[in-house]
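Chain lettering (A, B, C and D) follows the sequence in which the chains are written, and residue indices restart at 1 in each chain.
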Amino acid sequence: MNPPLLSVRGLRTVFPTRRGPVVAADDVDLEIAEGEALGIVGESGSGKSVTFLSVLGLLRPPGRIEAGEILFAGRDLRRLPHAELRALRGRQMALAMQDALSALNPAFTIGTQVTETLLTHRIAPDMRAARAQAAALLTRVGIPAAAERLDDYPHQFSGGMRQRAMIAISLAARPRLLVADEPTTALDVTLRAQVLDLLDTLRREDGLALALITHDLAVVAERCPRVMVMYAGQVVESGPTEAVIARPRHPYTRGLLESLPRLEDPDRPLHPIPGQVPDLARLDPGCRFRNRCGMAIAECAAPVTLQPAGEGRLSRCIRAPEMAP
Amino acid sequence: MAAARPAYAQARSREVRVGVAQDALTLDPANHRNRDTQNIIRNIHDGLLTRDVEMRVQPEIAESWRQIDARTFEFRLRPDIRFQSGDLLSAADIKFTFDRLAKDGAMGGQTSPRKGLLGPLQDTVVVDERTVRMHLAAPWPILPAMVPFQEVVNRRQFDRVGQEGMQTRPDGCGPFRLAEWRRGEAIILERFAAYYGGSTEIPGTGPAQIDRAIFRVIPENSTRVAGLLAGEVDIISELPASAMRQVEASQTAQVMKVNGTRSFFVAFNLARKPFDDIRVRRALNHALDKGAIISRILNNTATALRGVMSPDAFAFAADLPEYGYNLARARALLAEAGVAEGTELVIDTTAALKEIAEAIAALLSRTGLRVRAQIWEGAVLGPMWQAAERRRDRDMYLTSWGNGALDPSDIMVPTLRSGGRGNAAGFSNAEVDQLLDAAETEADQARRAEMYRRAQAIVTDQAPWLFLWLPQDIYGVSRRVTHWRPQADSRINLHRIRLAG
Amino acid sequence: MTASRLLERLFQTLPVLLGVSLIVFLMITLTPGDPVEIMLADSRATPEQAAVLRHDLGLDRPLPERFLIFLGRALTGDFGISFFHRRPVWDVLVERLPATIELTLAAILLALAVAIPLGVAAAVKRDTWMDRALSAISLFGVSLPGFWFGILLILLFAVQWGIFPVGGRTSFDLEVARITGFLLIDTLLAGRLDAFGAALRHLALPAITLGLPTAALLARVVRSAMAEVLTSDYVLFAEAKGLSRGRVLLRHALKNALIPVVTVAAIETGSLLGGNMIVETVFGWPGLGRLVVESIFARNYPLVQAAVLFYAVTYVVLNFVADLLYTGLNPKVRL
Amino acid sequence: MSAAEAGALSPLGLGLERFRANRTALLAAAVILLFVLAALSAPWIAPHDPADADLFRRLQPPAWLEGGEWGFPLGCDSLGRDILSRLLFGARVSLLVAAIVICIAAVIGTLAGLAAGYLRGWTDTLIGRLVDTLLGFPYLVFAIGLMAMMGPGLHNIILVLVYKEWVFSCRVVRGETLAAREQDYVEAARALGAGPGHIMLREILPNVLSPVLVVATFRMAYVIIMEASLSFLGLGVQPPTPSWGSMVADGRDFLVDAWWVSTLPGLAILMLVLAINLASQGLRDAFDPRLHSA
């Protein structure tokens, strides 16, 4: 395998609140190589978005990274001056968001928002060239008559077009890493496949590294060779997607799988995970899932670390071995 | 204060600026009843007669006048007086002016609000180019004292600009002509070079000594004072007594005072208990420590009065007895009259007199009565105290009455004769009525004066008012200003003013 | 905005204008105090003369008739004769308008100029000492009685330090022809920079006094609008593009944050226009507000009626302008 | 925050807890309380009769300045009345006016807003036009006009201020009601056959109270300043009752010679208004649900 393009070690991101600090990402490790796709799965609030906002240096105050190391192409992003980090952002690592309607600025035309990236990173020498490139980009994501629609405002686009335009903006500077935060949730099945195909193509041809944040395990199963499951700020399980889905080694992963409908067995009864995510400001050192876990035992109250669980996988459950079939 | 001279206050050697509280309502001499308006108009227009700083009536446009009989006065005009438009003034202009003032509907279909100031004037007749006669419906010896309140207009100007034009386009024969009227902001006057020179009886004839005179409107007291101290204006009127020290300390300006013509008093509602009892009225006159208010609040800028009249006025009774400050006597009189301790009494007044009213209320409360002040809007209060039925429930009214003519008929008739329009107290005394009526038409000045003195004595004895004081008019004047003095009639005459430096 | 929407808006404003005219008419006629008595105060007028004057002024007619006459004339732009000035109300009003409008605009522009940077700074530095300091300052702005603050400014800046003039609109030695009545424009038309500077200096203190509370209010609006925008996805997305902080803040965020600000500012302009009488009195500013207050006290009915109607029309127009601005700045609402 | 924990507290209780956690707001509330206490106990703690004039103490400086004395700790006004005592008694007027005006205005505004927002139709149109009409009137002109019409006096000042203040709560409540009437709990109540009166007062009202509270406190600050402005124009409370506004207004002629006469009540207004604003900001932070969704 290539040396990883992105390597995160021991990331700890904290939001101070009036009720005490909330550790939104706790001791997160991850790696993504060029041309690789990593799926990140978890409920909202599990820390998956925070982890990657930390990577991109886009944490909103008062949130801040307390510990850890973020290596991108061998450079520690945490030690990089703001200006250099900014130069990387959008150029080498990009973000695609879930809801294009809110991600696109309602007050600017699509054309402006695409060319902005091109001009900022000096990919296009002037406005004329930038507009030509922008039209090409939009065409590439499947927007018809793109050149004429550059001067449209986001609200004049249909939902699917908007989403693709947003992805086109993310990809405008041909980044090496794309963090895609639920990029296709809003799209219908056909468009979803189209966009994901485009990402696959870029991955294969340009060596784009993809971090696909989603709660849709089906998409991960289909598109990402590796997956990482997060719960309450921690990575609870990671490994090759196929193995994780087939044989989960953490009760939470299993719960997630059971709560999802399956294409091959649509009549299977669904089992939503009972209970609620614990208050992140009031955590004890033990397993964070144990209040919802059918397998919880007294020992679960002791600190749990990520342990190898076979097949190149890691699990944060002391009873992982018992879960082997 | 104000050590630095700001750039925009640079020396203006031939321009005088006067800070006044109110803009002129109109520049038509016939169409207002407003002192501030007249102050400005009087610098553009001259009158048939005028008053000097000693308040003596002097000829101005008239060269001389005489009384022909009890109902006829004759005025002889000076020759070669020109209006600012270049028109020559003649007797026809005098007739036009006074007809417009005194005849119903003569002011473009309306009647001049100044008509009342000319009493029984019936007709003005041109005798020749330089002579007019005024015919009165009844004998009225004070006509010459009232004529200085009127200014002469040009009849041809009226033909040119009409009634509406008269409001904004004056053509007078005074020392200044209108350069620009910026409504609400300033009235800018410039020297009228062909001015005939003004009254020959007052030293300093000839055109004005300055090129421009500006009346600037600054309604807020503190701001007006600040303007004087900052050198932006040279004269301010209505300087609050509280700001005198500040002006004196400035070294660039000084305080100038002149006895005013306005008597201040608290009218008792005589129709109402307990004021129907003379002992109560006398008690309150004894109870008020006027001296304290005059020295502490008015900064010694007022003369205590024992009666109605200003000491400067014709027929002033100097020998009236005084209700001296005597709290014990006041209490005794109140007890005698059976007024209970703690009886509540209210002094009505307007916002401008709030401080004084509160001070009077507080000092009167020392008798054991509970006196408080109530502030009203002028538009409500005046009419309320004018009508007997509307003031039925009111107790006392702090007010004043101007006597610009400095003649008792100008103040005693309206305020103390039965049914007088300013008789807020509702005072009615047969002997006083008779004396006032007789004096009104008495041609012998000595006998007239005697009647008025007698009337004053009765009024003071009957005490329909709490007699207060006659305040001085206070002006703040830049030290650059010379040859200017304030006048008792509150005119701001800029004809002879000069500037040093 | 479509033509039908425009018509609808116009139609909606009619009852407002009618209501305002009716209220002011009733208020004024039910108020004790007779203009005739006030005009004849201190004069030796007989009751007959008062009756004549009352008839001249049309005050002897029955109330409903007077209201209808007023309405009918107002529609043709005739507001009657100002009792005191004895001239058409409209002329009197128009003379005073430029001063008031100039002061109001200066105040609102000043308020915006202060509020936008402060509000943005507070929003960006949210929950820091800077945010708290700025919000404390803005609170001071709305907590001061205007007349007191104005006098204080005069004493300090005009009398003590002589930086600004005490009052009035311009220096008398720097005269230019008054073409528009707006001194800032007239001086420039005349090409007189010195006079322009003088007009500006005279405008400074009143505009500060009038604009300060508005600045405080607007700063709050800017702060909250900006704070909301800053948490929006499109700002995050703009940052993710690698745009400079300045570009993100001043273009992406501010343009959206200004939408509510401009709306509020347009409406506030209306309140400033109708609420400047105290500042005008303190600074001797020859504007409409002072005239209206004097007119109320003097029971100068026609002028008060016309002025209130003018204020109501401005209110309606400014609301309309706020709508237009809202639409103009916000492509989403463009129909 | 866990839903279980949040569920244990009512929205009001939750807001109160958040308010308690806000130190600035708490301090502001303490200042307001202090002013209220001072106002209530004025007759007992004031060193002098606030109306007792002694012209020989005219403009006596505060105790810490030359010429001052501790018997009159904050000095005297132009009639030689004790400023401290007047401030204490003035607090009663200023607070009373503000409180009464805001309460009446909030009640009227809330009811009108509920009716307009829930009943819609001609009720809404009528109230909407009325609101527009009142807003189309410049506040000061309106106030001066009404004061002129009704004459001076405390109750008239209150009336004048109420006349327009209710508009602000009305607008807010109308908006909230419009949103609330689409909510499930309202639908449910309607399905159960509850009448409009019941739904407005029992179902919707409790849910719109917090925004009313916030608006009311914000407007309170304006009311205090308005009272001062009316005093400046000579339409304030009647003497000898002192109000802070009239004290500032009456003292302005002495700003140079005796700054304390006008400045001390000015500072009192500033402090009170500041405290009210801070407290209401705290209230808004604590009660506005939109600020807590994230």
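Please note the rule applied: a contact is a pair of C-beta atoms (placed from the backbone, for glycine too) under 8 Å apart; a residue touches a chain by one contact, two chains touch by 3 or more.
Remember, it's a predicted structure, so these values are computed and weren't measured experimentally.
With centres taken as mean C-alpha coordinates, the chain found closest to the middle of all protein C-alpha atoms is C. With centres computed as the average of Cα coordinates, no chain lies farther from chain A than B. Of the two chain pairs shown, B-D and B-C, the one joined by more C-beta contacts is B-C. Taking each chain's centre as the average of its CA atoms, chain B and chain D sit 45 Å apart. If you average the Cα atoms of chain A and of chain C, the two centres end up 52 Å apart. Once the centre of each chain is set as its mean CA position, chain B and chain C turn out to be 37 Å apart. Residue positions of chain B with contacts to 2 or more other chains are 1, 222, 377, 379-380. Residues of chain D found to touch two or more other chains are 148, 151, 252, 255-256.
Multi-chain contact residues of chain A (touching two or more other chains): none found. Touching chain B in their complex are the following residues of chain D: 51-53, 55-56, 58, 78-81, 147-148, 151-152, 234-235, 238-240, 250, 252-257.
Residue ranges on chain D touching chain C, taken from their complex, read 24, 129-130, 132-133, 135-141, 144-146, 148-149, 151, 221-222, 225, 228-229, 232-233, 245, 248-249, 252, 255-256, 262, 266, 269-270, 273-274, 277-278, 281, 294. By the touch criterion stated above, chain A contacts chain C in their complex at residues 53, 56, 58, 60-62, 86-91, 94-95, 97, 99, 102-108, 116-117, 120-121, 153, 155, 166, 169-170, 173. Here chain B touches chain C in the complex through residues 1-2, 4-6, 8-10, 12, 15, 17, 23, 25-26, 28, 31, 33, 104-105, 109-111, 113-117, 119, 164, 167-168, 182-186, 188, 212, 214, 216-220, 222-224, 226-227, 229-230, 232, 377-380, 382-384, 386, 402, 414, 421, going by the rule given at the top. Chain C contributes residues 13, 15-17, 19-20, 23-24, 27-28, 30-33, 132, 135-136, 139-140, 142-148, 151-152, 155, 159, 231, 271, 273-275, 277-278, 289, 292-293, 296-297, 304, 307-308, 311-312, 315-316 to its touches with chain D in the complex.
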